[in-house]
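Report on the following structure.
Just so it is clear, A, B, C and D label the chains in written order, and each chain counts residues from 1 on its own.
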Amino acid sequence: MVQKVHADAEAALAGLLFDGMTVMAGGFGLCGIPENLIAAMRLAGVRDLTVISNNCGIDGFGLGILLESGQIKKMISSYVGENKLFEKLYLSGELELEFNPQGTLAERIRAGGAGIPAFFTKTGVGTLVSEGKEIRNFDGDDYVMERGLVADLSIIKAWKGDTEGNLIYRKTARNFNPMMATAGKACVVEVEHLVESGQLDPDHIHTPGIYVDRIIAGARFEKRIERVTTRPRDTAPGKEAV
Amino acid sequence: MAWTREDMAARAALELQDGFYVNLGIGIPTLVANYIPDGMSVTLQSENGMLGMGPFPFEGEADADLINAGKQTITELAQSSYFSSSDSFAMIRGGHINLSILGGMQVAENGDLANWMVPGKMVKGMGGAMDLVAGVRRVVVVMDHCEKTGAPKVLKRCNLPLTGAGVVDLLITDLGVFEIDRKVGGMRLTALATGVSLDEITAKTEAEFVVAL
Amino acid sequence: MVQKVHADAEAALAGLLFDGMTVMAGGFGLCGIPENLIAAMRLAGVRDLTVISNNCGIDGFGLGILLESGQIKKMISSYVGENKLFEKLYLSGELELEFNPQGTLAERIRAGGAGIPAFFTKTGVGTLVSEGKEIRNFDGDDYVMERGLVADLSIIKAWKGDTEGNLIYRKTARNFNPMMATAGKACVVEVEHLVESGQLDPDHIHTPGIYVDRIIAGARFEKRIERVTTRPRDTAPGKEAV
Amino acid sequence: MAWTREDMAARAALELQDGFYVNLGIGIPTLVANYIPDGMSVTLQSENGMLGMGPFPFEGEADADLINAGKQTITELAQSSYFSSSDSFAMIRGGHINLSILGGMQVAENGDLANWMVPGKMVKGMGGAMDLVAGVRRVVVVMDHCEKTGAPKVLKRCNLPLTGAGVVDLLITDLGVFEIDRKVGGMRLTALATGVSLDEITAKTEAEFVVAL
């Protein structure tokens, strides 16, 4: 019987890493990132990575630790905003960076996993993003052709997973994880709660196990929050202070 | 005299309608949520994968798995739902969101918008802004009328890299309100901020505009 | 306050029907079909319909009743198999029929709802399906360009829905319903269980309410089964007799 | 003498491997599930939106919401999951299914397959077959070697409308087994059914093939 469950992040990545590889990493900001697998990649020391991820963590956490160690050669992302080192390395030319609109990035990954080599979108027409790409008019509007994206490896974070690799995400920690699970030649997942097959309702599964090659219960989840924004208890509930 | 950030948010809130699904950008647009009229049902979308965004959590109740597109901790409401980034942008790109209110660095008279980078100096990335302006049915930009240096931001043509070409329907600044015909091009000044004269706004605007007060 | 809940199928379709319109109808075979809404369309007598649906019901049930009444001008489907009248009308030329591979049909609808006017797929290359369409080579393989599909109206069946239009489907009755909900200019849904907003877990919602314009609790669900296939009680459980 | 339907299913089951995700077509391919070796884990996909298809339900327990792609009532297993048709075919088109076993009307020596219509006579529609043969990593066709009239079905070129061009990897008939090199084209006969001679299969096959018994 094929065994998807591995003991820890190091074991789950064994044999899958090589210099120059392309890796997709789930998460939006620090929300829903595979923090245990990222830490294991840092320890493994694999280099010249092309990393596909909406952001690149922050200084000292998330993918930021792979930037600091110089393991990343190129990022394919939509947003740099919260990471000073990321912005600095890019502006100084030390890091290649391919900017994708967030929705185009999400759709390229979904297309890659779905066997769609290219699609047309209105996003980015008339901007830097569409330069050098085919523009085509459909029914009176211009669209740009974007290509599907795949990776050698996708590293994913889910809330619950079972031994068959079926996954359920929690709240906005879902984000890029489901598409990335489909677009890696190999897919390794860390979950907060690893359960036996049969414990997840088949109607609630977000990522079917077919996409998951290896799964671990994460040893430790720091789950840092970038911007803890709260309201005092005496605020009236409802629409204020959104 | 001019409008405050709160005044601008209040003006932007006039664009809301009952039953609307709305995406609010970071900064002043976020404040628009405070001006939703009583009895009006407006559902806020957060492009990282949520419909029905609620207020900030009470102190001590922040949840790392529940943030908005500005990475702030938020809460859920009775009608909330979660979805993936590809589903979220399918929703945006497919024209299902009624209104997007976002900030800007420059807006041109043809409806062009720049708000994601200053070459060689500042780079944030476009995030979801390019998708929002391309896909949402009506796009409202809220921004200061001029740079801190006094340089105009309402231009004949943007000189920063664009976020979208011919995408802005309405521009609200601290000095006034402009409608933009993004098919044909062309701005119409439809309101002046409190205490702002036509002379002042004309002097501070590079773009050509028709006065329709 | 905008009110999505309507009293019955007739009320929910009021003002949305016109001759010559295009309608998407969810379901696979008879599983997950909007039977109350189909019956109301029959009663409304709207004609010259183009219907996008994987199948066309069976003789006397599901979309089959709109075939019998002569209300359908054209079908866009992947399978005719179980409907004798469908096959007969097509072979005699009385019904237009555009065959789409099932996955291409599903993806075209998903694309239509997602603002993607066209995409490339390997499915159907070298067959009748790709005739007259653009073929393009990506990375050594040929793909055919297919267009997104939208409709004037989509009629959908879900298991549970809330007053905001959030939907949850049950088992394989999900099928085409979620994509179709996104690709109709208007979307009307019938559910078996209509609940108050807040009764559905936000992580379990398959179709967010933004896609749903009108919703009804179906008056009556026949839920016919095309092929009741069972095994006797003394069969050993497991892999036999799948 | 030749192989029965059960024999053909048993032969097709030799293509299964532990951990495989497999889509089985209607007819003989469905029987393959009965020949999964003990201790081997094979997950069956049903293209209408399910992974982990279980056996038929007990009498009286059929569920109208739980059918396979052949519209038969089925059951779920511990590892089952449900998804939409677009997600199902994203899985198929994206190459995530290891093996597809399906029926055929004609197979040609270049790997072409026809199994969805006879112009002017019979039309079922392609259903998911075109997607399966285009997207699944390995495609096995199981069919009778000849028409009931005796006309050959293993041809130099198909004369019925194709389901896929150059898509078949392995052909199992009641008379034998052929490997097909679908990149270069070319069939190799690798097994004869019980009691079938090389002369007999050669006489009943229009396609050219190399003998590699």
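Methods note: a contact is a pair of C-beta atoms (placed from the backbone, for glycine too) under 8 Å apart; a residue touches a chain by one contact, two chains touch by 3 or more.
These figures come from a predicted structure and were not determined experimentally.
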Listing by label each chain that touches subunit B and subunit C gives A
Higher number of C-beta pairs in contact (A-D or A-B) found for A-B
With centres defined as the mean of Cα atoms, the chain at greatest distance from subunit C is chain B
Per the C-alpha means, the centres of subunit A and subunit D lie apart by a whole-Å value of 36
Note: subunit D sits from subunit C at a C-alpha centroid distance in Å of 27
Between subunit B and subunit D, the Cα-mean centres are separated in Å by 54
Among subunit B residues, those touching two or more other chains are 76, 82-83, 89-90, 92-93, 135
Subunit A residues touching 2+ other chains are 107, 110, 114-116, 121-122, 169-171, 202-203
Among line, ring, star, complete and other, the chain contact graph is other
Chains touch one another in the pairs A-B, A-C, A-D, B-C, C-D
Subunit A partner, complex, touching residues on subunit D are 18-19, 21, 39-41, 43, 45, 51-52, 76, 78-83, 89-97, 135
Counting only contacts in the complex, subunit C reaches subunit D at residues 28-32, 54, 77-82, 87, 90-91, 99, 101-107, 109-110, 121-129, 159, 169-179, 206, 223-233, 235, 237-242
Listed in rising order, subunit C residues that touch subunit A in their complex are 107, 111, 114-122, 136, 138-139, 141, 143, 147, 168-171, 202-204
Per the touch rule above, subunit D residues touching subunit C in the complex are 24, 30, 33-34, 36, 44, 46-50, 53-74, 76, 82-86, 88-90, 92-93, 112, 120-121, 123-131, 134-135, 161-166
The residues of subunit C that touch subunit B in their complex are 1-2, 110, 112-116, 162, 164, 166, 182, 196-198, 202-203, 205, 208-211
